[in-house]
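Okay, handing you the structure first.
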Amino acid sequence: MMRVDPAHDLAMLVLATCFSVAPAAWAQAPEETTLAVPAFSLTFSSSFVAEELRLWEKEGLKVTISTVPGVAGANAVLAGSVDFTLTSAATLVRGGTRGQQLLAIAQLMDRAPTEIVLRKDVAEKAGFTPGLPIAKRAQMLRGKRIAVDSVNSINHIILKYVARKAGIDPEKDLTVTPMQPPNMIAALKSGAIDGLSMSVPWPVMATREGIALTLVSIPRGDIPEMTPFAFILLVTRPGFCDTKASVCRKLVAGYRQALGVIHDKPAEATGALRKKFDKIDPAVLAEAFELARAAASRTLRVNEAGIKRAFDFQVDAGAMSADEKLPPLAGFYTNKFVQ
Amino acid sequence: MSPGRAFRDRLLVALAALTAWQVAAVVFGPHWISPPLVTARRFGQLALNGELTRHAVYTLAAAAGGFAVGGVPGAVLPFALRRAPRLAAVLDPYLVAGYGMPKLALAPLFILWFGIGLASKVALVASIVFFLIFFSTAAGVRGTDVRLVAMARVAGASEQAVARHVVWPSAVPYVFAGLKISLSYAIGAAVVGELISSNRGLGYLIQAGANDFDTTTVFAALTALTLLIVGVNALVEATERRLLRWRPADAQPARRLVTAA
Amino acid sequence: MSEAAVLLEVRGLGRRFEPRAGRGEVVFAIRDLSFDVREGEFLTIVGPSGSGKSTLLNLIAQIDAPTEGEIRFRGRPIAGATAGALRPGWDRQFGYVTQDDTLLPWRTLIENVLFPLRVQGRLSGQTRDHASTLMRTVGLAGFERYYPHELSGGMRKRAALIRTLVYDPPVILMDEPFGALDAQTRTQLQADLLRLWNLGRKTIVFVTHDIAEAIALGDRTLVFTRAPARVQSEHRIPIARPRDVRNIYVVDGFAETYERIRKELQ
């Protein structure tokens, strides 16, 4: 005779359900990570698009984005308070050469969508005419007050590079001030600053509104030495992706999707970006977006030559010294998540 | 304690601190904590090529300017309010509110109003120093011995003479207490102002170093900053000693052990 | 014998102190106080502690205002309902030596002594000489550059005394000026005071709780009651001048006067 014990059966049923449901539930709980975005500009449009269109969520990854200006983001990753940041090869190289190694796992921007603009009256007073060669235009920076997003960010280094080429000492003959990008336009209008060196859309906003003239434009090819240039890299601490490989994989996958949208479905991308950059005139945003889109990577593969170029560029800019020893380039990146 | 003994003990503390610094640099690595000798070398480098001087002068100018702009009204106002107690009572809560407001948080506002040059930093420093000096001086003015005031009045002193001969000397120790407290705040505020708007000053040097993965420069700049504060403090204390030499020996200016920064 | 003119008249003087918020009652330090002071006279006032003696001097010196009555100086009301605003020292007519020597701690001895002259704008070679003479008279010569905290209590008292004398006010108010000193110094200073008074024949109102002191110094002694203080009695001091302050106890007339006053204060 079989013993019937309803309580016992019920308990077994509950346990069985738990055990079958649990793994599925665990599989569905998203992994979490943190990302520091250095500036509020279209340089980081792929991050903003991924966030708005929830592309990482679809991969099962919850990404918390914080804004940490400039190189501080890299420092935050090194310190362990943030898992990932986006940074230029310039910062990557500078850090690695000085003993603070980071690892790039994807390249998001191949070119710098940065422009240096000067307020109209200032430029005209310095003798600006449209056909002027870049060497002459760069001279107009002398004695001016220029805003950048952060001290020693890539936009600052580009400014230093241009200044040096024109024979100007960027520390002494120029006043540089870090500023939140949205404040730059107001500061330009009010006369607090004379110009800015910043990635789009901000310089485009200034020129389109007619308050500034473009001194130097990298997207329009004014500095051929900056091609190729690993402009924006997704970086993390060395060793992080060894222990959290799936997080790294999912993050890169989300970026791949975002870049796909940017390249192949630009209208959807601009729609997402309009929500983020809601205080900017849509027409300005559209024009700026085109410049950023042209610079956005297609393959996400980290370009080693672009890393080397970043070193040479910084030496020319005076941000690094030629006798600093660059570690082996292979140690700076991996493309295994990009396959 | 004899001065010789004090000096020797201070030297011992300095050596201990340097040793701890060196040990920490070894334990954590030179990129987190720059070792003392390396820092000293960079300090010398920057001093020789004039960069350190250039930046230090800028920071000092902002601090000194702010000190003058904020400190003078702060020291004078309590004397004026002494003659107008009703006005003083009316203003009191507003002054306390102003004192309590975190001025460093207003730094971006000052930059908006005064631009990115020296003016905004002077304004920031002034706004902090004013309240510190005002409240210290006010305490001193309030603490004036009324018997001395009565004596002076009976002897024929006008209100101005009373202020000059009785209230002011009576308040001087308090003014100096306020000065010494304000010192580190003034320089600190100048540095904070530079962090968010400048490519001059020791604050800028610190930030540029940090963003350059150049911890050594950061430490060198911090050393310069510390030396600056210590130097100015010594100057103020020397002035105080001179002005207060009438005091009995055991009432010398109290040494502060901890500086709030 | 012609009597000296009345310099100071105190009529029905009263000073009421309001109680502190909620606690205690209204207190009258002095009430219905009346007396005269003649020119050139050395008037002493004795009374129990807390009998409003200091309050009286504050009222005369114009650093406090009465709530009743009036004070006249040379016939003019200077305090009370009919007088105007307070004028401390009444234009340097009153000198006031208080119990605590109010020397400025941050000034040297000589600077302290010259202080009234400085604020009155009367510093000159002549006045400086006068100050030096005064310092010599009370034995402070040579201590000009010392700060108050470097001097003994007696020396500070003497300095406070000559600080008042240096600008020659016709009336000097003194509030137990020698109270905080030891017996020997006190006797010395009493002798000094009499000598100085003799030189200038000022009018002095001297408050003390020490009957012997009151008799030794004064031409006339008023005895005050306890608060609210009034004049209880008046005693002419029958001892000839110059007085031997050190041996006053054995001088003729001292013992009876002392006994008379002592009985009243019981």
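Residue numbering begins at 1 within each chain, and the chains themselves are lettered A, B and C in the order written.
To be clear about the criterion, contacts are C-beta pairs under 8 Å (C-beta built on N, C-alpha and C of every residue); 3 or more make two chains touch, one makes a residue touch a chain.
Quick caveat, the model's predicted, so the values are computed rather than measured.
K.L.:
If each chain is a dot and touching chains are joined, what shape do you get: line, ring, star, complete or other?
P.N.:
line
K.L.:
Find the most central chain, measuring centrality by the gap between its CA centroid and the centroid of all protein CA atoms shown.
P.N.:
Looking at where each chain's C-alpha mean falls, the closest to the middle is B.
K.L.:
Based on CA centres, what chain would you say lies at the far end from subunit B?
P.N.:
C
K.L.:
Averaging over Cα atoms per chain, report the distance between subunit A and subunit B in Å.
P.N.:
40
K.L.:
Averaged over CA atoms, how far is the centre of subunit A from the centre of subunit C? Could you give it in whole Å?
P.N.:
Distance between chain centres: 86 Å.
K.L.:
How many angstrom lie between the centres of subunit B and subunit C, each centre taken as the mean Cα position?
P.N.:
Comparing mean C-alpha positions, subunit C is 48 Å from subunit B.
K.L.:
Touching at least two other chains at once: which residues of subunit B meet that condition?
P.N.:
There are none in subunit B.
K.L.:
In the complex of these two chains, what residues of subunit C are touching subunit B?
P.N.:
So the residues of subunit C touching subunit B come out as 61-63, 88-89, 91-92, 94-96, 98, 100, 102, 104-107, 115-116, 118-120, 147, 149, 163, 167.
K.L.:
In the complex of these two chains, what residues of subunit B are touching subunit A?
P.N.:
29-31, 54, 111-112, 115-117, 196-200, 204, 207-208, 210-214
K.L.:
Name, in rising order, each residue of subunit B that touches subunit C in their complex.
P.N.:
Listed in rising order, the residues of subunit B that touch subunit C are 145, 147-148, 150-158, 161, 165-166, 169, 172, 244, 246-248.
K.L.:
Can you list the residues on subunit A that touch subunit B in the complex?
P.N.:
Residues 70-72, 75, 94-95, 98-100, 145, 150-153, 171-172, 174-179, 187, 192-193, 319.
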